[in-house]
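Here is the structure we will look at.
The letters A, B and C name the chains in turn, as written, and every chain counts its residues from 1.
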Amino acid sequence: MSPSPQTAVKPQQIPMTPTTTPDTGRAMKTAQPKMRAANINFYYGKFRALHDVSLEFATNRVTALIGPSGCGKSTFLRNLNRINETLRDTRIEGEITLDGENILTKDVTEIRRRIGMVFQRPNPFPKSIFENIVYGPKINGMLKKSTAAEIVEKSLKRAALWDEVKDKLHDSAYALSGGQQQRLCIARALAVDPEVLLLDEPCSALDPIATAKIEDLLVGIKSQCTIVIVTHNMQQAARVADTTGFFLLGRLIEHDKTDVIFKNPSKKETEDYITGRFG
Amino acid sequence: MATSSAAIGTGAPHVARRRAGGDEVAYLVVLVFAASIIVVTAAIVWQLWVHSSPAREKFGFSFLSSKLWNPVTDQFGAWPFIYGTVLTSFLALLISVPLGVGAAIYLSELAEAKLSNTLTFLVELLAAVPSVIYGLLAIFTLIPLMRDYVDPALQNALGFLPIFSGHIYGLGYLTAGVILAIMTFPFIISVSREALLAVPREQREAALALGATKWESTFDAVLPFARLGILGSVFLALARALGETMAVTMVIGNDPGVHASLFAPGYSIAAVIANEFTEATGSTYLSALVELGLVLFALTIVINGLAQLMIILTTRKGSAKGG
Amino acid sequence: MTVRDKRRKTVNFVMLSLCALCALITVSTLFVILGFLVYNGVTSLSFDFFTKLPKPPGQTGGGMGNAIVGSAQIVLVATVIGLPIGFFTGIYLAEYGGKTMAFLVRYVADLLNGIPSIVIGIFAWTVIVVPQHHFSALAGSLALSLMLIPITARSTEQFLLEVPRSMREGSLALGANKWRTIARVIVPAARKGIMTGMILGVARISGETAPLLFTSLNNQYWSTGISEPTSSLPVMIFYRAVSPYDDFHQQAWAAGLVLLALVLLANILARMVISRGASLPR
């Protein structure tokens, strides 16, 4: 992979990242990664939760982060949209870049519009389905260009929920089932057209059928979006991810194509985890 | 209940029977005390009803709408007092709800835990300050403040409105509303803060993750989620304001009339009872005052009932939403 | 950053600052109150204040000894009546009670709690003053006890319920019967909370004025018994404050300072004792 600029880059210097490049291995190697984390150390108070983690996320690919409980994969993910900053007494060292610009120094609300997040348990607002989805575009001033109804329909279709709720858009979001609520949360996150979508174990509270629907829709949207998904479920990683990173005790042990990680990992710890010797 | 088979070492049946008897006596004692509360409360309602009967029979329902309060001619109407009570309570909420919810937001969303707990503790101490002390302060510090600064400023700016017209005395509806507002701060702040703290972290994070600012996430995601609890706090505060006697009595001006201007002196139900009960002569006069007490009683029951309802609804909705 | 985003940032800053301002205003009222009371009242505090009878306006040297003693009297009797009833009702609610009865008792206790204190005063007047044809400290004590009962009941119930189930079961499993379990195990376990609940309740009723206005009324002299009208600190403060005389106003400030100091001290003490445990009832 070609090295990307280490320091903050002036906007006009960022190379245009092709979003519709055909999927050839060579194109992947020479294009700049969408996001890059370099030497991330993260502290909860005095406790060092992440040790020198460096990782790249290729554009329009799905990267899975796996590892046993408490290994830091969720902590790492939550740093990518700086949502960890809402917790008290936390500190981050290192650099995280989006299209070459360090997100840690930019305005956080703009970053969070470009990097969306779906949480472990569905967390729709106590509003209607319609209002949930419209919220993001409304506060970000995106409603001028298209009408609210268009945005809602488009987002729900991308989240594979449109058919199920198109007749009850103004019902409360809480009237939906767990799986539907989670897809609503995905639609809500997609409504602001993020360039990156982070998902923190999105299916852990759902049944297998709902899980399958979400996995399908992720594969469907990756051509418009770079996806990072934290998962406890190795089969899920194998099903949806192009590349997978294995975390253990706050360190990134290995990151490679999913096939390689699962069939031919280079580190022993990875192999132990994959084969079920622990975690 | 003791079972004789569990009485290790002292398996004698007569001991077991004595123990069981002791339990029955204890149960009866406790039951009697508990039941006495019901009896007493029923007695309160009964006595209020009975002792207001001369007035009730004489005036009927028109008591509630009549504006006339004239002890000399034995004409009594409750309307000026109902008006004053409701108006001052409404003014109080108008002031204390925004201030209180704002403070609650600061305490739950912005201040860090230790500071928040200390400040909340101080605010809750305000609830322990006796009403007569609020009144004392109101007479000597609030009234001059209102008379010399606040009321004239309001009249200069908005004097064309009837509510801000008229002579300024310093006492009156508005001043009573202000002191009531201060007295209701702790209820609004304490309960609203708890309602806000109970909102799950994921709601805030959902809004923030969409690019909301902290204020937007608080206003759009957290406040709506906590709205029932906050509403409950408002009803609690309202119930307190309606029944509040001493502080209002000391600043409202004791005028049994109905006035549009907020600067005018007025009266509240509790204030007129406090001032005139010992002076009342004649059974009609006294029973009219008792009937006013009955009206106040009914008002506060309704409001308290609504507050309880809110609280029940909040807890039930909270557990339903968790799923 | 776009103009729109700049505006959002400004709104964010302004609104959050306003909230902080609200917190500042509301918290500072406590200190404002204390400040005024100290500033105006402390100069009038003297030994005479606590021991002498009030003098007519214009004469120096008077005090509020009778009001202090009178308050103590009235509150003491109210406590004797109200605490046991409240305490046992609390036990009933926590340990006994079928569903409907307990629900009814709890509902009625909350109802009683919500009745304005002046209405309670009317009730005490109808029950004691009217038949006896005179005002008395007893009537005042009855009114105050009626306010103390629901406060004590709810707080006792709350703290009893916090005692872990395992303690109850442990005692019963050893062969103790129910009342012994309650008396020897549960109540002692909850005693810290129960006691502070009681202290807070008593502090609350000692500051009440309205229910005393036409029950125990007032008295310029030492009262000689519970069937006499008796002066009390809150009532004295009220009458002094609304009077037209400056030296009466001075006395009102001093008395207010004394009353507030007592009430706040009780509250702070109670909360410090409790802070290691659970939170207080509302």
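Simple rule for what comes next: contacts are C-beta pairs under 8 Å (C-beta built on N, C-alpha and C of every residue); 3 or more make two chains touch, one makes a residue touch a chain.
Worth saying up front: this structure is predicted, and the values here are computed from it rather than measured.
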Quick one: which chain's Cα centre is the longest way from chain C's?
A
Geometric centre: closest chain by C-alpha means:
B
What whole-number Å value describes the gap between the mean CA coordinates of chain A and chain C?
56
Compute the distance, rounded to whole Å, between the mean C-alpha positions of chain B and chain C.
16
Roughly how many whole angstrom separate the Cα centroids of chain A and chain B?
49
I need the residues of chain C touching at least two other chains; which ones are they?
8-9
Can you list the residues of chain A that touch 2 or more other chains?
109-110, 139
Can you list the chain B residues in contact with two or more other chains?
213, 216
Complex contacts: residues of chain A adjacent to chain B:
81, 83, 86, 88, 109-113, 116-117, 119, 121, 123-127, 135-136, 139-140, 174, 178, 185, 188-189, 192
In the complex, chain B touches chain C at residues 1-2, 6-8, 10, 19-20, 22-23, 25-27, 29-31, 33-38, 40-41, 43-44, 47-48, 50-51, 98-103, 105-107, 109-111, 119, 121-123, 125-126, 128-137, 139-141, 182, 185, 189-191, 213-216, 219, 236, 239, 242-246, 249-250, 270, 273-274, 277-278, 289-290, 293, 296-297, 300-301, 304, 308
Per the touch rule, the chain A residues reaching chain C in their complex are 107, 109-110, 139, 141
Given the complex with chain A, which residues does chain C contribute to the contact?
1-2, 4-5, 8-9
Which residues of chain C touch chain B in the complex?
8-9, 11-12, 15-16, 18-23, 25-27, 29-30, 33, 36-37, 40, 84-85, 88-89, 91-93, 95-97, 101, 104-105, 108-112, 114-120, 122-123, 125-127, 130, 146, 149-150, 153, 172-180, 182, 200, 203-204, 207-210, 213-214, 217, 234, 237-238, 241-242, 249, 252-253, 256, 259-260, 263-264, 267-268, 271, 282
